[in-house]
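Data first, discussion second: the structure below is written as structure tokens.
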Amino acid sequence: MQHHFVPQQYYRTIGTHPVALTVNDGDTVTIECVDAHGNDKQDHQITQPGNPMSGPIALNGVQPGDVIAITIMSIIPLRTHGWSYPTLAGNVVDPEYVTALPFAPGASIPKEYWDVDEQTHRVSSRGTHGKTVTVPYAPMIGCFGVAPARGEALSTATSSKNGGNMDYKHFTTGCTVFFPVAVEGALFFVGDGHLVQGCGEIGGTGVESAIAVTCRLTKARMNSITWPRAEDAVYLYAVGNARPLDQALQHATSELHRMLIECGADATTAAVLMSQAVEYDIGNVFDPAYTIACKIKKSLLRDHGLKDSFIS
Amino acid sequence: MQHHFVPQQYYRTIGTHPVALTVNDGDTVTIECVDAHGNDKQDHQITQPGNPMSGPIALNGVQPGDVIAITIMSIIPLRTHGWSYPTLAGNVVDPEYVTALPFAPGASIPKEYWDVDEQTHRVSSRGTHGKTVTVPYAPMIGCFGVAPARGEALSTATSSKNGGNMDYKHFTTGCTVFFPVAVEGALFFVGDGHLVQGCGEIGGTGVESAIAVTCRLTKARMNSITWPRAEDAVYLYAVGNARPLDQALQHATSELHRMLIECGADATTAAVLMSQAVEYDIGNVFDPAYTIACKIKKSLLRDHGLKDSFIS
Amino acid sequence: MQHHFVPQQYYRTIGTHPVALTVNDGDTVTIECVDAHGNDKQDHQITQPGNPMSGPIALNGVQPGDVIAITIMSIIPLRTHGWSYPTLAGNVVDPEYVTALPFAPGASIPKEYWDVDEQTHRVSSRGTHGKTVTVPYAPMIGCFGVAPARGEALSTATSSKNGGNMDYKHFTTGCTVFFPVAVEGALFFVGDGHLVQGCGEIGGTGVESAIAVTCRLTKARMNSITWPRAEDAVYLYAVGNARPLDQALQHATSELHRMLIECGADATTAAVLMSQAVEYDIGNVFDPAYTIACKIKKSLLRDHGLKDSFIS
Amino acid sequence: MQHHFVPQQYYRTIGTHPVALTVNDGDTVTIECVDAHGNDKQDHQITQPGNPMSGPIALNGVQPGDVIAITIMSIIPLRTHGWSYPTLAGNVVDPEYVTALPFAPGASIPKEYWDVDEQTHRVSSRGTHGKTVTVPYAPMIGCFGVAPARGEALSTATSSKNGGNMDYKHFTTGCTVFFPVAVEGALFFVGDGHLVQGCGEIGGTGVESAIAVTCRLTKARMNSITWPRAEDAVYLYAVGNARPLDQALQHATSELHRMLIECGADATTAAVLMSQAVEYDIGNVFDPAYTIACKIKKSLLRDHGLKDSFIS
């Protein structure tokens, strides 16, 4: 079944909030999301800033210990413009370099606006701050996840085992993301759309816009997981969210090792293969918890007679 | 001029050691290197283990404050086999996962041997530990750099501003790496060849082999730099070496911002572009200092009318 | 006024939960708390394990932006025995040392019981695991704080700007702790009593027991604060909660600098004094967020004509 | 035997440099040291800035694998004035707070001078930057250690297993520090005297002065050690040097656990005792490697029938 969800209310925490929509296993939902500052498709601010989320959407039949799969089918911008901060965050440069940044971190930083050109599939800044910058259009989801365990309600500025503000650019159309279910129905939230974003979200923003995300929610055929996982056409991913990056990397690496064992590898073979074949990507390095993905090519798993997918 | 260098002596620190060979600006040198355990092309151990280096090679005419460019022209394995540790390092997994590893970290870990198939361009483990694993052949340099400042002699187990054990897989044929010169002649060292290596060198080794590296040494037309930089056909890179990764990332990000300013961008434009366009890679996360590269596509710099190369 | 509070319900998050008791400015409350595993004075488990909290207690008249002062007047154990884990946590030792620990981290670890001797004021383990160990009795509060901002509900396993599981041994009788108020009434929670605890809570527990905490709640005459602060007879404290410790230290140091400015120092004098006079203590280094206190002697502030107290 | 050592040459690395003085087991040496900027007792700069060291002093008869004990018998200032930077370092405050510091980090920071009053045993700043600040006189050694393993020569700006720039204020008169010996004779270096210093050396300096250190060098009756250890009248210490602090803490905690086993505890008893009784102090948090000490009271060891001293 196909749903269309326009929130009546937005949340700045991911937690066990009253269900706004319930769907069945395999249903598809188009979800309208405001931008990170709460501005809608007409750029009217309709809710408080700070990554307001659309949701929660409950998936019928999933229980704590299950895994929910979110397949991102499309990300459509609801406006043709977005905005970013025209600087770098204080925490991504050397302390001695902070005073060389265009704007003092933490201060009131003006916005730089960007426009999408649908013909060229590029996004261009207007050049109010610095010269005009043009980069390929590459929409993605900044923040999404499910209600955490033990009744926590976590700020959408951060991330944890349940997902959240991971700002990982491979979370885009064609990717299926797996979250550990901690409450009945999982309670899925999504928002913080970016028209494009460099790795790390090192300016504190991507190009922020209101978006419509279409995704399919299914109960994954997967044992319980500890950290978010994902797959797309090319890779399997395990994602760790923590600070410092060293700890996020430990989470992601441990989770990928467990994942390869579920793909049929023994612990030693999984380690031998990972040592010579994993790749790491960096997600958010701006917010309280940082994000690292540890990934491996599905083709390599097939070469070794291992399971290479957890969908269908 | 073309030189061929076979060391009479190896070093386990990068420092101001007696010059073994002096070359002129633009000269090419083929350098034979033993593997990380000091084993040569016949797999005879001829020097102590621990990333023994070939060098130092002095470049005539470079002075402290200059920048030396090392263009990697080829990496040829001197044997058709290598070895790796068939486990993951203790520091790349969660503390609670350490006891799930195939071998206790720090203990005496047996070697798994691998063979290169030149026909298929693949490298296969022999399956002594775990099942046979086969990955694409992708030789690279694990450890190289120049003498550090103030008379330091740094273990080849670690890395710093002068390079060292960065274990970054994009340091391969076609890449030019720029190091800050701290002593007259720069004093270049190289070793620790890998037939292949996953990101992070998370098992503590790549597939370790003796190699012959051919590279060109030139005095770069570049202002003084703080951290290693690099470029290949596609990217410009800035590299930070430190622990935690958060600090390595700060070094790399600051250095890339400085680099873009040298490419002609103003500080604000450089920040706007970096925010939406940088990518990060992870090098060594096994040894005392970790390595992160912050990179940006040269094509993007050309699009914006910026200088995109430091090798004319 | 003097209240006595026995919870009907316990919480494993600190958040905006329904008020259980409302008190007026300056009132004193004796609060009964179960131990970290939810066991009461008779060692019956009456609620789920994981630092269940007593609360929330609302203070009439405090608003977001205000500061609440909690003066710890006494900590009375409700049983004469407690328990600890007879090991060290995996994350406080080197990864190579994890396999040398008495119990594998994360595994099911047995409890070691301890008894208080009121005559000698000492606490002794029963010697079920290892030999009998005896240390001075020094009761303290492991976890306390107020509802966080933006509707978050944070696990009592961790800590943040609003306090939480800081496990700092100077949070004991005679100490006044200041928390930033984020919601009307502040909503104070407390639990996780320890009969004694070494710095860091490096075994994952202090000697855990049910306790009765008597404290006075007042609206502090203090500008808005970012991180918890405290004072006792000897010191002023600023507390940072984050991981890595490096970041917790940045929070605590920044907060103490701001505090000294409120004591009347200019920014330069505060820096000169802090450089030569601060001390750091380490609180929890077991849980997701680590804790560091940056402290300075009140006598030094008096010597320099500065305000040395924020309690009348 | 009593020696008096005035260096002819200073070193800015700790490494295997030519022996300047050889002493016998149990000999005492008074060593004159310039300040961190190379200024002598008359405040004349006689060598390059950056923690120039006096040494190396060889101890007859110690071999790699042995342990050298340095007993600090006195620290006498060679001038009655010192200097500090009147600010906080950029890396010890939040990135958003860097622009609030009195001086931009990394910039050319002016010196604030201080004078010792021998009558009052206090040290006072002259008030050129900020108001006059007065703190108790508490001289200590900022940087000392022995030649590291594998031929490294390490900058005196940092620290490692061999000691170095630990800036730990309990390294003062009455303390015996144990270093692992990596080369014949150990090769002891010392310098960077402070008239006083707060924990962390968070301004980047203590009150820097030329000093004369008198110490006794002995071969310790101790098995090989991994990290520096120490003892004074009250405590046994284990010291970790690394970044982030989390890793320094892992080194120190592991080392103290090993130390308690050498004192006669079994692994479980040592863990039970440490959990409820250790204290942590923070040394240098300014330079590349940070320092943490994990300490335990000797009286507690005696109470449990354990060895409490490694000096006769």
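By letter and in written order, the chains are A, B, C and D; residue numbering begins at 1 in each of them.
The definition used in the following text is that a contact is a pair of C-beta atoms (placed from the backbone, for glycine too) under 8 Å apart; a residue touches a chain by one contact, two chains touch by 3 or more.
Nothing here was measured: the structure is a model prediction, and the numbers come from that model.
In summary, the chains found to touch both subunit C and subunit D are A, B. With respect to subunit D, maximal separation of chain centres occurs for A (centres as means of Cα atoms).
For the pair subunit B and subunit D, the distance between C-alpha centroids works out to 34 Å. Between subunit B and subunit C the centroid-to-centroid distance comes to 46 Å (mean Cα coordinates, whole Å). Residue positions of subunit A with contacts to 2 or more other chains are 91, 94-95, 97, 243-244, 246.
Within the complex, the subunit D residues that touch subunit A are 89-91, 94-99, 104-107, 244, 246.
Chain contact summary for the complex, subunit C toward subunit A: residues 11-13, 15, 50, 150-155, 242-244, 246-247, 288.
Residues 84-88, 91-95, 97, 100-102, 112, 123, 125, 129-131, 133-135, 196-207, 243-246, 249-251, 253-254, 257, 265-282, 285, 290, 292, 300, 303-304 of subunit B are the ones touching subunit A in the complex.
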